[in-house]
Structures are given as C-alpha cells and as structure tokens.
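Order of writing sets the chain letters: A, B and C. Residues in each chain are counted from 1.
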C-alpha cells in the first residue's frame, strides 16, 4: 500500500519532469502519450489502492515519506493519508484527468505551446494529488497553492491576450485572499491542538471550545470560498473561462474548485463542534447556488453559462456540508465531475467545430452535424437538470433530502435553484443544438465537422459514467454505497437518513417536478424564437453588478491611494526626507562656514574662550 | 668699619617689581607707537629680572637682561625701524565686532579661575619634582644651575642648541630678497 | 618676612592675562609678538617662584630653556613678519584673511 500511494502521487511528477527535461525536442504525439499515460497509470493504481483499502479493517493508512519540518513543538511530516475519502478523491481526480489529457491531445493539436500545456496539466495533477493525499494541513496547503499557481498559468495560457492575462491574475488574487483563511485556520488549530496532522486534530477536536471551533470553521470557509468560487470570492471563475476548454473542464469544473469542499469535509470533526459555523456554511452555499443560477440564465457565452453553473452546483455541495451531509456532498462532487466535465468537453467540441466561436447567438441546429457530441451532451444535460435515472437526479436529490431534514427555508432555495438549473441548461441545449442554424457566417458556409476520436472517446466514457453514476449511492443500499464507504471517516456524523421512506419518495417527486418545470419553460421560450433570440435583463447578465461593486469599493480606492502615494508621498515625503537631509546638511555647513572668518585674532579669541570654559568647569568641580 | 647691613624688606622688592611689571605690560598693550611699546616691554622685563633676583635666581636675572632686554627687544627695534612702521597706529577703532568685549570677558574669567584654582589648592602642593635636585644655600646659583643643565637636562640643552642653528638658518632664508626676479626685472 | 609665593603667582597670572588681552586686541603683528613675550615672562616667573618654594633647581632649568626657545621663536617670527611686509606694506594681521571658509 505505501508504494502504491507514493506512486500514485509521483507518476504525474515523473511525466512533468520527462517532458520538461527533454526540452522542445519531443513530438506532439510523444508528449501527449507520456502525459496522458502517467495520469492513466495513476488512475489504475488508485483502483488498486481502493481494492487494497477495502480489504482492510482499519481504513486509515499513513504513508510516511520523510520528516519535513521539526521546529520546537511543530512537527510536520511529509506523509500521505490513505483513507476512504482520499481514495475516492484520487479516483475521480486521476480518472477525469486522464480523460481530459486524452481530449487535449486532439483539442490542442497544432498549438505552438503544446508542450507547455501538458507540462502545466501534469504539474496540476501532481499538486491536486498532494492536496487530497496529504495527511496534514500544511502539506495540503502546499498542494492548495500548487493548484492555484497551475490554474493561473493555464488560465493565462493565451497570455498575449490582455483579457486572458488579467483573468489569470484575477483568479490568483481571489485565491490568495481565500488562502488567508486557510493560514488562519492552521494557526488556530496549531494553537489549540498543537498538531497539524488530520488524525491528530480529530483526536482532540472534541476538546475545542465553541468559539475556537467557530473561528476555525469561518477561516476554513473563507479559504473554501476562494478556491471553490463561492460568495464572496466567486468572480474569478467566469473570467477563468479565458483558458482553453480542457482547462475549464478539468480545473474549473471537476477538480480544483472542489478542493474547498474537500477541505471542509476533511475537517468535519471541527465543523461538528460549531453549529454557528455550519449554519454560515449552509447559508453561503445556498445563496451562492441561487445567485449563480440566476446569472447563468442570462449569459450569452456557452462557457460562461457552464461556469456559473459550476458555481451554482458547488453551492449545493457547500450547502450539503453546512447541514452535515458530508457523504452527500462528496457524492454530488463525483457526479458533478462526470457531467460537468462532459458538458465542458462537449462545449469544447462545439467550439472546435465552429472554428472557435463561443457566442450562443451564433450557434443552433448543430444536432445533425455532431453525431457523437450531441447525444453525450444530451445525457449531461438531462443529468444536471435532475431527470431520473441519471446521476444528477440521485446526487442532487440526496443533498436536497438532507437539507430538508435540517432547514426548510434553505430547502426551498434549493428547489427553486433546481428549477433554474433545469431552465438555463435547457436554454443552452436548445440554443446550441436545436432550432435554426445561425452559424453559417462563422463557418464560412461549410458544414461543421465532428471532432476526432481522441476528443469523442472521453465524451462517450463520461456519458456512460454520468448515466450510471447514480448506482454509486443508491439510497436504499446504504452499506454498499459511497455513503457507507465514506461515513466512518466522518466519525461524529449524526445518523444517516432520518426521513421516512414516504418523505423521501415525496421529496424525489418534488425534485422531478421541479426539473420538468424548468425544462418545459425553457423549451417553450427558446424553441420558438431560435431564429433571432432576444436576450434578457442586464442585471443578471452583469453578475448582479458584483464585479462593479468590488471595483468601486475596493479597486478604485486602492488605485487612488496608490496614485496618491506616487504623486504626493513618493516625491514629498520619501524623496523629501532624503533630499531634505542633504539640503539640511548643506545649509548647516554653509552656516558653519562663516566661523572661519580668516581673522587670526578671532581664532585666538575662540581658543581663549574655550580655555575659559574649561577653567570654569574645573573650578566648579573643585567646589 | 662695618657697613650697615641694610636688608631691603622683601615686600618692598615685591612691590617694586610688581609695579614695573604691570605698568610696563599695560603700556605694551595700549600705546600707539611701536617704539614706545618696545620701551614699555623693557620696563616689564626689568621688573621680571628684579623678581628673579628676589627669588634667588641670580643667573636667570642676568640672562633675562642680557638676552631678553638686550637682544630680543633690540631685534624688535631693528625690525620696527627696518620696516619703517615707527609711526602712530590707529588703536581706537576695532574692526572685528565684539572682539574687545569677549576678549576682556575671556581673559578675566581665565585669570580669575586660575587664581581661584590655585588658592583652593593651597598654592603649592609641596611635592618636589622627579629629578629632585635641591637648592642648597651653600652651592651658588650658577654652579647649581649649570650642574642641572649639563647633567640631568643635557639632551634638552643639545636640542635647543640645534634649534638655535635652525632658527638662524630659517630667519636668513625668510628675509632674503628674491634675486632671480630682480635680475629679470633689471634686464627687461 | 618672606613674601608668600602666592603673591608672585598672582602677579604672574595678571601679567599673563594682560599679555593675552593684548594679543587678542592689537592688530599689529609686532605688538602681538611683544604680548607673546609678556606671556612667556609670566610663565618664567611662575617657574622660578615654584623653584624657590620647592627648593628644586628644575624650575630654573626650565626657565633657561624657555628663554632659549623664545629667542629662537622671535628670530624666525620677525623674519616671517618681514617677508609678509614686503608683499603688503602693512603689519596688520587682519589683512591676512584669505584662508576664510
């Protein structure tokens, strides 16, 4: 087991180093095969790790790599924790990464920085694996920062475009603000538990006072909102769509943005000690889900719709964490990874076929030209809308059931958001694949063509997973489900599924009705006007003017302050002090110069007066 | 016949020497004519010689008259005549502001302080010097002084001799006319 | 009755003060030299007084050397005055003020 775990972690690094060291001498094919191969191998080894873990009775294996930091009472090992949660994360991270690597070989074909792309992608997988496999907060932080930096590099992949460069900056800066939260949480935890390892923290979590626990939880929440794009730090994710589509699929849908949720779930014993903290988490999650869904209904760009959809779905996950349904959150994370990656890759296929066009106004009627993209996209669409028997229905239903048990108001929000989700996804689907063809000018009269097999194979695989994903966690088969596998990790979790079976069926029905409502609404609105669609109110489209608000409140004052510093403080205060010193020295020197009058008699007088002073002093001393 | 030994009272000697000294000094610093100042200086030097004799420094009194009054002041007079400055100077105006006032204050404080210091430490500590050669009454001043200078302070004596030679050479050099310039001027 | 050493010391101090005042106040180089002689004499008087009081011949030996050095000093000093006078035709030291800052 230790070797398996270490290999899982190190294989992507090997891929990165291989491509890095070999410089620009490698062919595209070689780079693609090596990069994809190492990640695929990692996935295979993750399956092996799962099997090994299932055969153990004690499912918490610590793999110690080396002693990292030993300073005073601070002992931080570089060690991996292999338990059900981390193995689950490894599985879907490496699996989806491998598929996306394969897809990228086709999507990025012909790009001049092909090698750079795969370098960063492998490095990203390595960092993400550090994040999920680490056995202590500090090592997780290393992975946390690593994925942040890779995200920055990949978002500004087309760095010659101004918008791409600033989108990368924006992503990194928002992440950074969140990182303060993680650091604060580490300080708080170390201050009280004197250890940073997860197992150590879990042992003493019960002794934390509610205040400390709440503060820690809020700090962790800040970190999570930064990384997982929740309110108030979500604005970077839509801008991050400037990166190539595989990046959006991998990082900003399936893996990096789930890191925040992972962190919160990992620290569940601390969350359990703080009801106020959990309430805050739940409110943030619910609010984000709702707000993002409203924004997604008004977007014109295919990728922006999906971006806000991601924010909204992660909101659901955070909401689930807030009500203590950790396993449900992870289940939704896995299912979401399947269908959101599929949606993004499908969108990428569409964009690829239309020579890079992303505006929904210039699509339409693509169904007959894209025979593989269309059905897989349809599966994803049905899945995210919550139509049974696809995975989305089960996952979202699980979350909504748990929410209903704890907080009816939030449940209502959740259901309304589900309606909106179905609505905007159907709108997207109709505008892209059905209706009249508005893309002729983009393709210059030619027909759009389907993507090559390297791109459509991952689509098919993901479609299968999205369809069958629900089997992972059937509500009536608890012991063999994902929840059954994960629940022991969460120790203090309250009893599973306290609703009666009738209530559960009723809630499931409500979910289906909500999904169908949204679907029908979208169909009826958008089918008819597909020849020349009008687009809606700008409040939702401009992200509730959130970016403008940040600009006015934070950006502009800071720019003014910086300008003021440059205009006033720099020349007058700082330069003034330095120059002033020089000027003062010169002036005093000029003044003192006059003492040297040239008259010998005055010099002699000065000597006599000096002597007089000494005499007076001596006389005074004697008396 | 026994000549009446008339011991002049020491205090009378002191007063005489003090008068000569002070009047002479005041004269030096205040008269307008340099020649008159030189004469006043002689007066002071004589006063000091009298004080020397009163303190049993006979040889030094003699040297004082011969060297100081006889050679140095004469040298002064030579130079005064040579330069032709034996006319009255303007003493009343003082171009440097506050020089006289500050000088007066400084000097008064210095002297007053010195006197106070000496008074508070009982004028003389009573400790003899390191070389410690006593002034025995029977020996004669010249012999004693000669012994001290030629044995204990021999090195200083030789050094001052060298110093005198250097001074002479220096004076000759300083006072020389620059021959080369005048020759060229004469040719042109 | 012996005159106490204190009186001679005070006299020497006063002579020294007068000499110092003259040095600071008079402008003519020659007069300033004479004031320096006054001060040297005051010192000589002090030495001799102490020599008598402490019965030590070293004081008189010091005076001996002071006189020698004073003579040498006057020689060279007057030589300088003559050299300077050639250029400026004035013995006023106030005119020699070119080394001002």
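Here is the rule we use: a residue touches a chain if its C-beta (ideal position, glycine included) is under 8 Å from a C-beta of that chain, and two chains touch if they have at least 3 such contacts.
Here the structure is a predicted model, which is why all the values come from computation and not from measurement.
**Student:** Which chain pair has the highest count of C-beta pairs that touch?
**Tutor:** B-C
**Student:** Please flag the chain sitting at the greatest distance from subunit A, going by CA centroids.
**Tutor:** B
**Student:** Averaging only over C-alpha atoms, locate the centres of subunit A and subunit B and give their separation in whole Å.
**Tutor:** 101
**Student:** Which integer distance in Å separates the CA centroid of subunit A from that of subunit C?
**Tutor:** For subunit A versus subunit C, the centre distance works out to 95 Å.
**Student:** Report, in whole Å, the distance between the mean C-alpha point of subunit B and the mean C-alpha point of subunit C.
**Tutor:** Whole-Å distance between the two chain centres: 6.
**Student:** Find every residue in subunit B that makes contact with two or more other chains and list them.
**Tutor:** Within subunit B, the residues that touch at least two other chains are 96, 99, 103, 106-107, 110, 114.
**Student:** Quick check on subunit C: which residues sit in contact with 2+ other chains?
**Tutor:** If we look for residues of subunit C contacting two or more partner chains, we find 20, 24-25, 27, 94.
**Student:** Among the residues of subunit A, pick out those that touch two or more other chains and give their numbers.
**Tutor:** 599, 601, 605, 608
**Student:** Could you pull out which subunit A residues touch subunit C in their complex?
**Tutor:** 593-601, 604-605, 608
**Student:** Contact residues on subunit A for subunit B in the complex?
**Tutor:** Going through subunit A, the ones touching subunit B are 599, 601-602, 605, 608-609, 611-612, 615-616, 618-619, 622-623.
**Student:** State the interface residues of subunit B toward subunit C in the complex, per the touch definition above.
**Tutor:** Residues 9-11, 13-14, 17-18, 21-22, 25-26, 28-29, 34, 37-38, 41, 44-45, 48, 51-52, 54-57, 59-60, 63-64, 67-68, 71-72, 75-76, 79-80, 82-83, 85, 89, 91, 94-96, 99-100, 103-104, 106-108, 110-111, 114-115, 118-119, 123-124, 126-129, 131-135, 141, 144-145, 147-149, 152-153, 156-157, 160, 163-164, 166-168, 170-175.
**Student:** Help me check something: in the complex, which residues belonging to subunit C touch subunit A?
**Tutor:** Residue positions touching the partner: 20, 23-25, 27, 93-94, 96-101.
**Student:** For the complex, which residues does subunit C have touching subunit B?
**Tutor:** The contact residues of subunit C facing subunit B are 1-11, 13-22, 24-28, 30-31, 33-35, 37-38, 41, 44-45, 48-61, 63-65, 67-76, 78-83, 85, 91, 94.
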